[in-house]
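For reference, the structure I am asking about is given below.
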Amino acid sequence: MDASNYLYISALLFTIGAVGVVVRRNAIVVFMCIELMLNAANLSFVTFSRINGDLNGQIMAFFTMVVAACEVVVGLAIIVTIYRSRRSASVDDASLLKR
Amino acid sequence: MSFTAPVLSYSLLSPMLILLGGALIGVLVEAFVSKALRPAVQLTLTLGTLLLAVMQLWRIRGQQSLTAAVGTIVFDGPAFLLQASILIIAIISVFLIADTEHFAALPAALPGSEEERQAVQSGNQITEVYPLTLFAVAGMVMFPVANDLITLFVALEMLSLPLYLMAGLSRRRRLASQEAALKYFLLGAFSSAFFLFGAAYLYGYSASITFAGIREAIVGGGGNDVLLLIGIAFLSIGLLFKVGAVPFHSWSPDVYQGAPTPVTAFMAAATKIAAFGAMLRIYYTVFANAQWSWTPVLSGIAIVTMLLGSLVAIAQRDVKRMLAYSSIAHAGFLLSGVIALNKAGLDATIFYLFAYGVATVGAFAVVTLVRDSAGEVTDLNRWKGLGKRSPFAATSFALFLLAFAGIPLTSGFIGKFSIFSAAYESGAKGVVIAGVLSSAIAAFFYIRVIVLMFFTDATEDGTSVEIPSILTQASVVIAAVVTVALGVYPAPLLDFITNLAIFIR
Amino acid sequence: MNTSQSLVYLIALPLAGAALLLLGGRRTDKWGHLLATALSASSFGVGLYQLSQMLGRSTEARPVSQKLFEWINVGTFNVDAGLLLDQLSICFVLLITGVGTLIHVYSISYMSHDHDRRRFFAFLNLFIAAMLLLVLGDSYLSLYVGWEGVGLASYLLIGFWNQKPAYATASKKAFVMNRVGDMGLSFAIMIAFATMGTVSFAGVAEQVENTSEAALTGMGIMLLIAAAGKSAQFPLQAWLGDAMAGPTPVSALIHAATMVTAGVYLITRSNFVFDAAPTAQLLVVIVGAITLMFGALIGTAKDDIKKALAASTMSQIGYMILAAGLGPVGYAFAIMHLLTHGFFKAGMFLGAGSVMHGMNDEVNMRKYGALRKFMPITFATFGLGYLAILGVPPFAGFYSKDMIIETAFNAGGVKGIILGSVTLLGAGITAFYMTRVMILTFTGTKRWDEDAHPHESPWLMWLPMAVLAIGSVTSGFLLSRGDALVNWLHPLFEHHEEHEHHLLEPIVVSGLALTMVAIGVAIAFVKYSRQEVANIAPENVSVFTKIARQDLMQDRFNEAVFMRPGQALTTTLGATDEAVIDGTVRGVGQLAMSSGSALRGLQNGFVRSYAALILVGAVALIAAIWVVVQ
Amino acid sequence: MKWLTLLMLLPLAGAAVIAVLPKGNEKAAKQSALVTTLVVMTATIAMAVGFQRDNVDLQFVEKYSWIPSFGINYALGVDAIALVLILMSTILAPVVVLAGWNEAHGGRWSVKTFYILILVLETMMIGVFAATDVFLFYVIFEAMLIPVYFLIGGYGSGERSAAAVKFLIYSLVGGLLMLASIIALYVMSGAQGGHTFDINKLSQLQMSSMTQNLLFLGFFIAFAIKAPVWPFHTWLPDAAQSATPGTSVLLLGVLDKVGTFGMIRYCLTLFPEASKTFTPVILILAVISIVYGAFLAISAKDIKRLIAYTSISHFGFITMGIFAMTSQGQSGAILYMFNHGFSTAALFLVAGWMISRRGSSTIADFGGLQRVAPVLAWTFFLAGLSSLALPGLSSFVSEFLVLVGTFTRYPVHAIIATFGIVLAALYILIPVQKALHGPTTPGNENLKDLNLREKLAIAPVIAIIVVLGFYPSPLLKVINPAATHVISQMGFTDPAPTNGGK
Amino acid sequence: MLQLALEVGQTAKPEAVMFWILGPLAVVASLAMLLVKKAVHSAILMAFVMVILAIFYIAQDAAFLGIVQIVVYTGAVMMLFLFILMLVGVDSSDSLTETIRGLRPIAITAAVGFGGLMVSLLGQATIGRSAVGLSGANAEGNVQGIAKLLFSTYVWPFEVVSALLITAALGAMVLAHHQRTTTRPTQRQLSIDRFRGDSLGTAAGLPGPGVYARHNAVDVPALLPDGTPAAASINASLEARGDMLDYKKFELSEINTKVEEEK
């Protein structure tokens, strides 16, 4: 089967993730949507790796996972901090800074 | 199975290794040194590390045109210049960070809680910012020397993560600070996803993850342009986000305002150098032959960025936000140097980055000086009459604003002139005209602040200027001296840059 | 041409006086007036010396010049500060310094109570110097300096008592209207330079034959405008009446004898231009004729003695201009009338001053009457002047005016008839209003204010009057004897071959003129001597009188045509500048501000909006790629 | 001897001396400033003596590499035009210091600062006329805004900060347009034989007429704002109204001359073809400026605004003379620049004394000053006469030369402009009547006449006005070769006498 | 649909079957992730998508990544998410109505545009060469291949990532760690405080919740002997959270609380 079909899936997942960031209010869900985007990118890497017959893409995907893990740690720490101060995980509530 | 041990060329990596080593020692200090000693130890350690890194960088400047770490790092003239700029700015910024008055005494405590009050009273300090700063600096110096997409991405995250954290550590207005951290983080991660997606398509296009490989594929032209274009577009989003170009700029006013001012200074100056450094390398070497595809778009973005940054800055009431929009406008000016895609553009952009970075740190340093009993005063209306109360602060701030406005005899003018002439040389006349136009608009609000400081009578509201430490004062003075010196006699630095700034491909 | 090193002293002496008195300040109060008078007199002496020198030379060698220094020298525009004294200018020099000195003398007494007498004398000296520069300059540009210089002196002297707002306004009016004339002179100089490449009299005279008539006509018209401004000729006549605000010696010197005749000098001096530009010459005649009548008509209705005399001056200068416009035959008569007029009009003004001096500065003739007995000397000198201006033989005016009327008739054809009739009619009206002045002032009943104690003026005042009276009696005879003046001036004016076809015999003209004068005198006598004169001007008079009292609506006309629209324009421009030009600039600023505020709205604080913005940016990029790929 | 650098360094040295003076010693600051400016004046005159007037090349040339990578030099040199203007600036400087002895006292900052700003400004005034490197010129052109800005905003009166901002924004916008043009020139020079800012080399660049037109506009608008030419003038009345008299003298007398100087030195030299293309438009603007400025001056209620408007009118004359392209027009314009400096100085200084005595700058508040303070009044009157270009005073010579020079080529423009002289009579005599004549109005009875210091300050100005009115040829002899050179460089010769078409 | 079925039938290789089943499932699951109200459901769906992706990886010769995806991503990262969700409140659910005006249409338009354009572009993107496949690169085994690259070419970024991890840990510490700012009181000090406190009532320790009350739940205050509720009997943190029941309703109103003083 044509490996590029995976690319379509990847693009769709990326799109859905991006939209999720825009439409969801819960900071954790927003963050998960970002993770979805990263995963979509990873799928592209793996697929291209297969198409190109080259393992570098997989290495990149691997690094993405590791970096994403670090990002999750930092991100969730920030979200928890905000939640503790505001008793809310809604990103809309954090809108003191504007204009 | 055969495995040959990689050759890393440690000497070229040494500045980064020193930084990382310093940061790790800093972490250990957190664990093992008594609380009372920590601030002094950390400050000394951080400054020492940075100085050591600078010295080491100076020593290896001759060994340019080399790749290191199995080709993941490239060290050439621009790399040296950019790394040196970042390190110098980092040193000045650390002077500001050393004034721990800006940072929350106990970030884990709820804002306004008894616990926080006690922490403040006990003089608790979060000395973790020092290692975090060093980590960020390490990421920044790695960003413009990365030679493949993986290293680039790791460096990007390396510089971002500490900044996300540090943005949330302000002592005053903690909710706003945390909000800044959240926004910076979410949007940063969002843009990283775009960056990564673009990287995937570049990989798909060229079957290579290294810059050299991608460049060869573009030169060879055998691949599919759609993949290349998507790759360039998305990778650019990630980079443009970091420099704060419209429409990827919206984080910067909020984050600049919310973050502790020393962090803002550091972030505004150093991140910009790092990000533009990477952009220069990528656009000047990797994408150079696909110029047709990105110059028009980047020109459009540059024009919109300059104009929007300048226009919105007019309407600002908060000095930090105003500086943020000014930095957006400057991102537009700097983009015109990227668009130029010639030697002059490269030289000009590097010069501009350094000059602008120094002035930015200086400007924010002055912001840290203006305080009342509740901390920094960033409301512009309360800056009225500052010239009378503190000629030092007001004069130096005016100097930095004049430099931002590009008035002759300040570094900003030389920068603006060189970057616009480079852009003009490459035929980007529209960008130059927009640049001139937005400079005019920008002049308007810079002057407005000068009017406020010098020509408006103060309202008695307890706003005063404190010189909290000799270090902060030093950073203002250093920045001012550099700004004037580069405006009056920039020849040595320009020559130095011209001689060094040659990318190896 | 001969050169003379002493010409400069003519100007330098009074100029030094002016400078010394102005810069010296109060220190010179005690003797300043004496010094000024002495300097004026010595200038007159230099003039006499020059005359004697000139008389001693052959006709061709009479003009002398002196180059002072290089003045303006740019490219082909070369003007030296140079002086030229020829037969024409010597007449003026003597008139100016002579009458000027007399008036200095008169003023010593007349102004003796004035706090600022020193300044007055400084201005008088300044005037003498400027006027001398005007007539001595060897180029239009040097003349221009004197031209504006006398304007300045006139402004200063009219406004000498400028603490009275009306006087200050009068002086300003005089200067501004003069400037309109000056503008004409500027244009004339520019035309001369652009077409002939020179602005000196000699140069222009030389180039006239190489120059098109159109250009010369243009230049001539511009010179005429200049002359009209300075000489209060139609249509720039309105300032002269108001100029009587100045002290009476000023009116005598500047606004009767000398400065106002500068226009005649200019036209006469530019004879070569006008001779080559018949259209311009015709205009000169027309302007002269109109003003002649204009002034005469105003004169009939004025109750203010000085304004009546001013109107008369206007009218008499009209005669001169008319004569000057008649070409070579008329120039000499214009100058002759100018000289005789200088004597009798100055004398009459001084007489008026003397009357005012005795009547507490009252100028309204309706409050005079029967002064003959109280001021016999004044009456006598004034009366001699009166006879002179009427043109009664053998007084001065007879010779000069008669010649002009005669020449006017001789202009030929319809033109001659019209001009002749106008001059004749003018003579009649002159007789009427001058008789009116005489009757109202010196005869009839006393209509004085209660506190008036008329008395004769001191000798310092009547002496100059007497000298001028002698002039009014004799000058005409002396100047015309053997065509003395005509022959004297002859070399300057290009005479065409005499083809005099007399329309009327000279004796007929004289007879007609005297008849007209007699009619005028008779009417005045009937009107003012036979019935009681009201000491307040009656209101139930004809429309004609009302209009004449208002100077034939000249001020209303200027107000309606120039001042009001000018003021409206000024106000409009002021508002436009604020609203439109500055408004545009401010509008641009506002636009930037408001677009900044509007764009600020993008930054709504919601992180999701920011993400959406990034997403939209990304979509835009992809869309761009899509377009490129398609 | 490096005359020009010396001239630029002297005021800076003076400023440094003032800076280290003890804080309270205002008198010493004033004296130092006066001595410095006098020394500079003397030095300038000494330099001017050595000027070879028939040599149209730049003299007293100095050249050092400044920013070699951009081909920028610190290059100085003067031709007659620059020399005359430097002379004017350095003569005006001590006059301003002496005349405005007390004007720094109402300021926002110390007296010391005032004089430091003045001296720094003097350095820049010399530099801006002496620069022969376009970049150096631009740097000084822009940098000199800063001291003026602080002088207006810090020591002015009324809406001083608004006026200062308006001044600065206008100038900066113009400057930025010029910067765009300079960048284009620089880039083109790089493409045609190496980057340079040498004005002579730049004038030999090949460029399309479109490019030339655009670049010309960049320069011209900057200069037109500076000069100011209608419709770029609205900053001037505000600035002049708010600034101290001394500052106004430097602003109108010297700074604005940079605009007209720039038109000659840069617009004509660098873009001869475009200059010709735009001449019709510029002449119309100039004529409008003349008449418009005069009308606004007539309607002005404030004496300082009035003077500013008269300057707009006068700058119209200068601009017209420059673009008339005749030697009379050009010489007249250059001489006009010089003369206008002094006549405006006289007007502003005397007006300043009147204002400081009365505490109001509204013309209607004065009245009958001639009785109360005769010397003051007559000085004002004389200055006014100079402004209305009365023959015998210096401005007449220049104004007439401009008119005559314009008339030979553009008679219609000259004719309309000549109407300006009638309007000039009005705009000077109206305030003269209101302020000096008439009865002494309440509030003016006790105004003091000029004191010795003021007389000393104004005397040289008046002397120059009078002497140059009667004897301008020494100056004209210096100016003429340069003016003719400019005209011939443009390929123009004076029109021959037309003989009216015969 | 028919076309699709035909294609599936024709290319009925195992991978295609797997793809056409799991691919749509992944899309549907991720869409559902946006549409469900509860965050925890989103998390589960996210984990589901991740597992599908892991299968895709394995199917594309990226066995190592597939395993790591499950172990690290699904296992560790998603667990972290869930843990935080628990902390924040597992019940918390989003209202899906949009509050920012105009955002939803923009988002939907952008989504459709983005997805549509991407798919359209990919449709035109002929890769230019047929898929090479990883059999060559994986000749020594996928894990070995990756390891070789990771420890030679990418050893530098690999090392730097370790610094990144330290940063993350340090950051989490900074934000979450409560440093003690006062010295811990000793037993002795505590004891002294008890007896020297404001009232002796605390000397014997605070009353437990629910004593004498109608319920003995932790949020019900104890009743004092006079029948008034003892606020001190409730844990302070419950009180702070507002989870304490209103003690007023436990007051025994008919009891006269007045103590008659004996004379």
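Letters A, B, C, D and E name the chains as they come in the text, with residue numbers starting at 1 for each one.
Heads up, the rule we're going with is that a residue touches a chain if its C-beta (ideal position, glycine included) is under 8 Å from a C-beta of that chain, and two chains touch if they have at least 3 such contacts.
In UniProt terms the chains read A, B, C, D, E = Unannotated protein.
Quantities reported herein were computed from a predicted structural model and do not represent experimental measurements.
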{"item": "Touching chain B (Unannotated protein) and also chain D (Unannotated protein), the following chains", "value": "C"}
{"item": "Shortest path length from chain D (Unannotated protein) to chain E (Unannotated protein) (each step joins two touching chains)", "value": "2"}
{"item": "Residual chain groupings, excluding chain E (Unannotated protein) and keeping positions", "value": "one piece"}
{"item": "Remotest chain, chain C (Unannotated protein) as reference, centres from CA atoms", "value": "E"}
{"item": "Selected pair, greater C-beta contact count between C-D and A-E", "value": "A-E"}
{"item": "Centre-most chain [mean C-alpha coordinates]", "value": "D"}
{"item": "Approximate Å spacing (C-alpha centroids) for the pair chain C (Unannotated protein), chain E (Unannotated protein)", "value": "103"}
{"item": "Inter-chain centre distance, chain B (Unannotated protein) versus chain C (Unannotated protein) - centres from mean C-alpha coordinates, in Å", "value": "79"}
{"item": "Geometric centre distance via CA averages, chain E (Unannotated protein)-chain B (Unannotated protein), whole Å", "value": "33"}
{"item": "Chain A (Unannotated protein) and chain B (Unannotated protein): spacing of chain centres that average the CA atoms, whole Å", "value": "25"}
{"item": "Set of chain A (Unannotated protein) residues in contact with two or more other chains", "value": "7, 14, 17-19, 21-23, 25, 30-31, 42, 47, 49, 51-54, 56, 59, 63, 67, 70-71, 74, 77-79, 81, 91-92, 94-99"}
{"item": "Touching two or more other chains - residues of chain B (Unannotated protein)", "value": "107-108, 150, 154, 157, 161, 164-165, 168, 182-183, 186, 190, 194, 204, 226, 230, 253-254, 444"}
{"item": "Multi-chain contact sites of chain C (Unannotated protein), meaning residues that touch two or more partners", "value": "589, 600, 603-609, 611-612, 615-616, 618, 622, 625, 629"}
{"item": "Chain-chain contacts as defined at top", "value": "A-B, A-C, A-E, B-C, B-D, B-E, C-D, C-E"}
{"item": "Sites on chain A (Unannotated protein) touched by chain B (Unannotated protein) in the complex", "value": "7, 10, 14, 17-18, 21, 27, 30-31, 34, 37-38, 40-42, 44-45, 47-49, 51-54, 56-57, 59-60, 63-64, 67, 70-71, 74-75, 77-79, 81-82, 84-86, 91, 94-99"}
{"item": "In the complex with chain C (Unannotated protein), residue positions of chain A (Unannotated protein) that touch it", "value": "18-19, 21-23, 25, 30, 91-92, 94-99"}
{"item": "Chain E (Unannotated protein) partner contacts - residues on chain C (Unannotated protein) that touch it in the complex", "value": "604, 606, 608-609, 612, 615-616, 618-619, 622-623, 625-626, 629"}
{"item": "Of all residues in chain B (Unannotated protein), those that touch chain D (Unannotated protein) in their complex", "value": "347, 387-388, 402, 405, 407-409, 413-414, 416-418, 420-421, 424-425, 432-433, 436-437, 439-440, 443-444, 447-448, 451, 454-456, 489-491, 494-495, 498"}
{"item": "Of chain C (Unannotated protein), residues touching chain D (Unannotated protein) in the complex", "value": "22, 69-77, 81, 141, 144-145, 147-149, 152, 155, 159, 162-165, 168-169, 172, 175-176, 179-180, 182-183, 186-187, 189-191, 193-198, 207, 210-216, 218, 569-571, 573-574, 577, 581-582, 585, 589"}
